[in-house]
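Below, each structure is written out as structure tokens.
Two complexes come next, and they have one chain in common, subunit A, joined by subunit B in the first and subunit C in the second.
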Partner chain A sequence: MYSQLLGVAGGVALVAAVLALWRRSLLAIVRILALQGFAIATVALLLGIHHHEVAELIVAAGVLVLKVGVIPAVLTRVVRDTPNQRDTEPSINTATALVAAAVLTVIAFGATRGLVDLAPSPETELIPVGFAIVLVAFFGLVARRNALTQLVGFLLLENGIALVALVATARVSLVVELGAALDLLLAVLVLQVLTSRMRSKFGALDLDRLTELSD
Partner chain B sequence: MLLALVLVPVLPALATAAFGWRPSVAWFAVADAACLLAGGIWLAVDVVDGDTAYFGGHILRADALSAFMVLVIAVVALLASWSSVGYLRSELADGHTTPGAARLFGLLVPAFIASMVLAVLAANLGIMWVAIEATTIATTFLVGHHRNRASLEASWKYVIVGSVGIVLAFLGTVLLSYATQHAGPGAHSTLDWDAMRGVARHLDPAVIRVAAVLLLLGYGTKIGLAPMHTWLPDAHSQAPAPVSALMSGVLLSVAFYALLRVKVIIDLALGATFLRNLLVVAALLSLVVAASLLIAQRDYKRLLAYSSIEHMGLVALAAAIGTPLAIAALLLHILAHALGKTVAFLCSGEILLAEGTTRIAGVHGLLARRPLVGGSFGLALLALLGFPPFGLFASELAIARAGFSANMGWVTAAAFSLLLVVVAAVLVHARSMLLGEADTPSVSPRTSRGAGVPLVAGLVALATIGITIWPIERLIGAAAHVVAQ
Partner chain C sequence: MNPGRIAAVLIQIVFVVGAAPLLAGLIRRVRARLEGRVGPPIVQPWRDLRKLWRKERIAPEHTSWVFITAPLVLVASSVVIAMIVPLVTVASPLDRVGDLFAVVSLLLLGTVFLALAGLDPGTAFGGMGASREMTVAALAEPTLLLAVTALAARAGSTNLAAIVTAALDRPSVVLSAQSVLALVALGIVTLAECARLPVDNPSTHLELTMIHEAMVLEYAGPDLALVELAASMRLLLFGALLANLFAPWGIATGTGVVEMLAGALVLGGKLVLLGAFLGVFEVFVAKLRLFRVPELLAVSFVVALVAVTASAFLGVGR
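Moving on to the complex of A and B:
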């Protein structure tokens, strides 16, 4: 039961990363990000219940607040402040995106076999899933040229890493996790300010307009 | 003591928060940087014999390597904050910046310096990572200080590329912790550097290999190693000069310090070959990128940025060689590059204020019209190209010697051939800026008051460590011993 639930949560997180590759509506992409955050909070919750650890439950609550609450709320505001830009042109079509996601997932599972072999358990089986999310999100990040999808791509990637961190290590240390969460939150706020400056200077979040600097 | 070193750099931010940016607050920042330098010297004396200082159990930790890095940070902070007094005053007078932007500058620069100090004093690889990520956040708005389209583009690229890079380093750090957790009976998950080094020989090679690649990609992005360097020329050329000096002069080296710390653990677990091969590729690629983009460079601030990529490539080569001689040369190179690049960027700020352009073709006859700034700029460029008597001559010679004696002759020869291309390219550009007839009379032929002092001080220090490395020889030896046992 426990390992099945873990698997489902990990699967949802990976599917979310793939969905975000080809969806066009920016609001939908932000909701997908929140869904992935929820899946990761669920993993933390399951770990906490299974190990009877209060610290894990606190981490789960923190993940829920940050990744399902605060960050999607900030991003939703960015989308709502950009009235004529609710949709984005995907520079990759759906079929290509799905094939790429499949290939990247296979690569991730192949490359991380050795990591699971070190300590096979229901938890560590999710390490390849985390790596697959990282690769798929990275692909989306470089393939799409919109400030908001790049930002979401970064956050999806970070979610994949958070998943690996949760399942691979018993405890990193609360200080480090707090610091990492604070850094993430600040980075999102910094990026939010940059998107609003971008909107006032360029009138759009289209990164193809960033052409001032080159060699 | 260690805690004070992290907290002292924050004080000017509090002063700015209370009074806004004003010259007296800026002078306070200079005095504060001098205190940091004094503290760094005190720490260096403390740990030069191979001792390690701790604070709060295992939160902060300083050995000779950390003390050396604190000195590098403090020296550049001193020069940069000194020069920023006049720089910001001129910018405010000319209307290039607003009091609000100056205030933000006064808040963020101290936060930036403090997080670099925290990074080199952290006992825990996780906290070190958090501090290095914090430098990205603190510097983003400094890159965007001028609030025009170009600096906005540079800050966006900087924060996206930098953040993605640095989270990959976090993933690598997590995997290191995962490996220590399964290092043997009784092992537990930890990121404490001492504890990890203790069990490093028992870490699972398959996991460490993946971690090593991720850590090199992640910290390599912050170091500006090719092919992860794309953000660097934009960010370093758009930031205001004192910030460029801090970013180019020390932030890159602080990121390299992080790589050196994890390299110790990776090498113990895998042997030196694995990371060496990766570092050699990154080093040569960085030198190729820097050399090819320096040849046709049109912007003198970007020229300095590509020169930083070149020097980080050399530092990566020294790290790949990895012998005690090579690591000592690497550290000397970090210090000398910090001084040379700081002076060069501070000069570039003065040139920009006076000439109003960053185009190489827009600046002529600098040496005749503005001997102090032009002369310092020329000398700093010569120093960065490795001419004697400056420190980089000594460190590059030592890197070459270490390379040939460690059976890496071919790689070293290739790297130094690329350096010749760099020398030729930069000399051509420098000649056209410094000599030649000025086609238009200079816009406002003035140098901000007191601007010459940090420039001359930096050059004198750079020549001193080139002629005799006596004051820091023992510290560098002890620091090299931390990395190359």
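Moving on to the complex of A and C:
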């Protein structure tokens, strides 16, 4: 049951990465981010239960609070405070972006095959999934020119890295995890301040407006 | 061919034809209840079919044999699919031909005939509907093939009965990353192929967005009854395939009469759950704008492709 639930959580996380590339509504994208955070937290929880490791359970709780609770709440506030910015216009046509995502996933699975073959187990089979999320999220990051979607792309990327870190290491150091989580929270808060500054200056979150220097 | 297997075919056909309008009625009923209406009784689609069947048979002027044969081909292809896919039992007599590719081509045969019948009377709406239907089918059919291929990898066969049997033998393969991806892709394809929300709205005749209704606009009387019956049979077949591929428990493995009746009951239960879920789902989603439908189908195609990739690279079952 353990390995199947692990697989399901990985599958949900990967589907979320693809869906984030498809949706245009900012609120929907934030919800997808929360769904992916939930899948990652589930992976951490399953690992903690399986290895009887209290530290991993604490990591799971932390991931849940941070990635399902705090960060989506902060982002939702940013979206709600921004008038006329409910949708984002992708600079790459969605169908092309999806095909690119498919290619990137195949590359991720092909490239990490050797890693899985080193020690085939239910955990290591999630490594290619994590890499695929990293690549797809990075593509989403460059495909959209909106401060908020770039922030979400960055967070999806971080989710992929967190997934790989969870399943690839024998035992996650609690200190390292907490440090990474705090860094992430700090980054989100700084970027939230940046977006609100942008909004008050330009009335929009379009990054293409940041082309000129001013004093 | 022994009598048990013939009985299996008969039970599957009777089940599909009998229950299909009820499934459509159930979805409508659930939807109506959630919207605060009482809604028509669940048997209402059967009553509508009976009413239509008693009417005069009439075809528009200048239509060819295509218009007359299309409803028959549509119903016949659905009946053949009902015979060969594992619904009530995995021991169907025709399971040698119960292949994924056979099923998809039979589905496509019905779709193509309906699109031709939409073009045949030469009306504007029929042509529009046919063109839209082909756009959707061209994107949905490959996704269907890919998504089931991801499941076929674990059975080592594209035979649908073999896929379901493999899942029954090793329940551990049912839940996996590939399954989640394939389920999402197949779910979207089901909505597209059965003309449900958010791809098509079965309860309106809005010319800007209608797909299925535009093609069948010229049909009346018994022909319309056949088209409607075939449409609800398709929905039931897709639903039953989803249920049996992702939750195969309860399907009969032999051809004993009691066993098969129990299998039919379990399948009925799964379909009631699925129909209720679809009814609830349809209350909460809006119709997609037509030019965004290909994007939705592209999503399902990509997810199916990822499912195939995952099953190719990851261990095939553990």
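Note that in this section the second predicted complex is superposed on the first by the 210 of 215 C-alpha atoms of A that agree within 3 Å, B and C clash if a C-alpha of one lies under 4 Å from a C-alpha of the other, contacts with A are read in each partner's own complex, and residues count from 1 in each chain.
Note that contacts are C-beta pairs under 8 Å (C-beta built on N, C-alpha and C of every residue); 3 or more make two chains touch, one makes a residue touch a chain.
Please read all numbers here as calculations on a predicted model, not as lab measurements.
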item	value
Joint occupancy of subunit A by subunit B and subunit C, clash or fit	fit
Partner chain in contact with A:F138 - subunit B first, subunit C second, else both or neither	first
Which of subunit B and subunit C A:R80 touches, first, second, both or neither	neither
Partner chain in contact with A:P128 - subunit B first, subunit C second, else both or neither	second
First, second, both or neither for A:A119, with subunit B first and subunit C second	first
Residue contacts on subunit A - larger count, subunit B or subunit C	B
Which superposed partner A:W22 touches (first subunit B, second subunit C, both, neither)	second
Nearest-approach distance, in Å, of subunit C Cα atoms to those of subunit B in the combined model	17
Subunit A residues contacted in one complex by subunit B, in the other by subunit C	none
Subunit B residues touching subunit A - in the complex, by the definition given at the top	124, 126-127, 129-130, 133-134, 136-137, 140-141, 144, 147-150, 152-157, 159-160, 163-164, 167-168, 170-171, 174-175, 177-179, 181-182, 188-189, 191, 204, 206-207, 209-210, 233-234, 237-238, 293, 296-297, 302
Residues of subunit A touching subunit C in the complex	3-5, 7-8, 10-12, 14-15, 18-19, 22, 94-95, 98-99, 101-102, 105-106, 109-110, 113, 116, 120, 122, 125-126, 128-129, 132
Residue numbers on subunit A that touch subunit B, as the complex places them	111-112, 114-115, 117-119, 134, 138, 141, 147, 150-151, 154, 157-158, 161, 164-165, 168-173, 175-176, 179-180, 182-183, 186-187, 190-191, 193-194, 197-198, 201-202, 207, 210-213, 215
Residue ranges of subunit C touching subunit A (in the complex, touch as defined)	172, 174-181, 184, 294-296, 298-299, 301-303, 305-306, 309-310, 312-315, 318
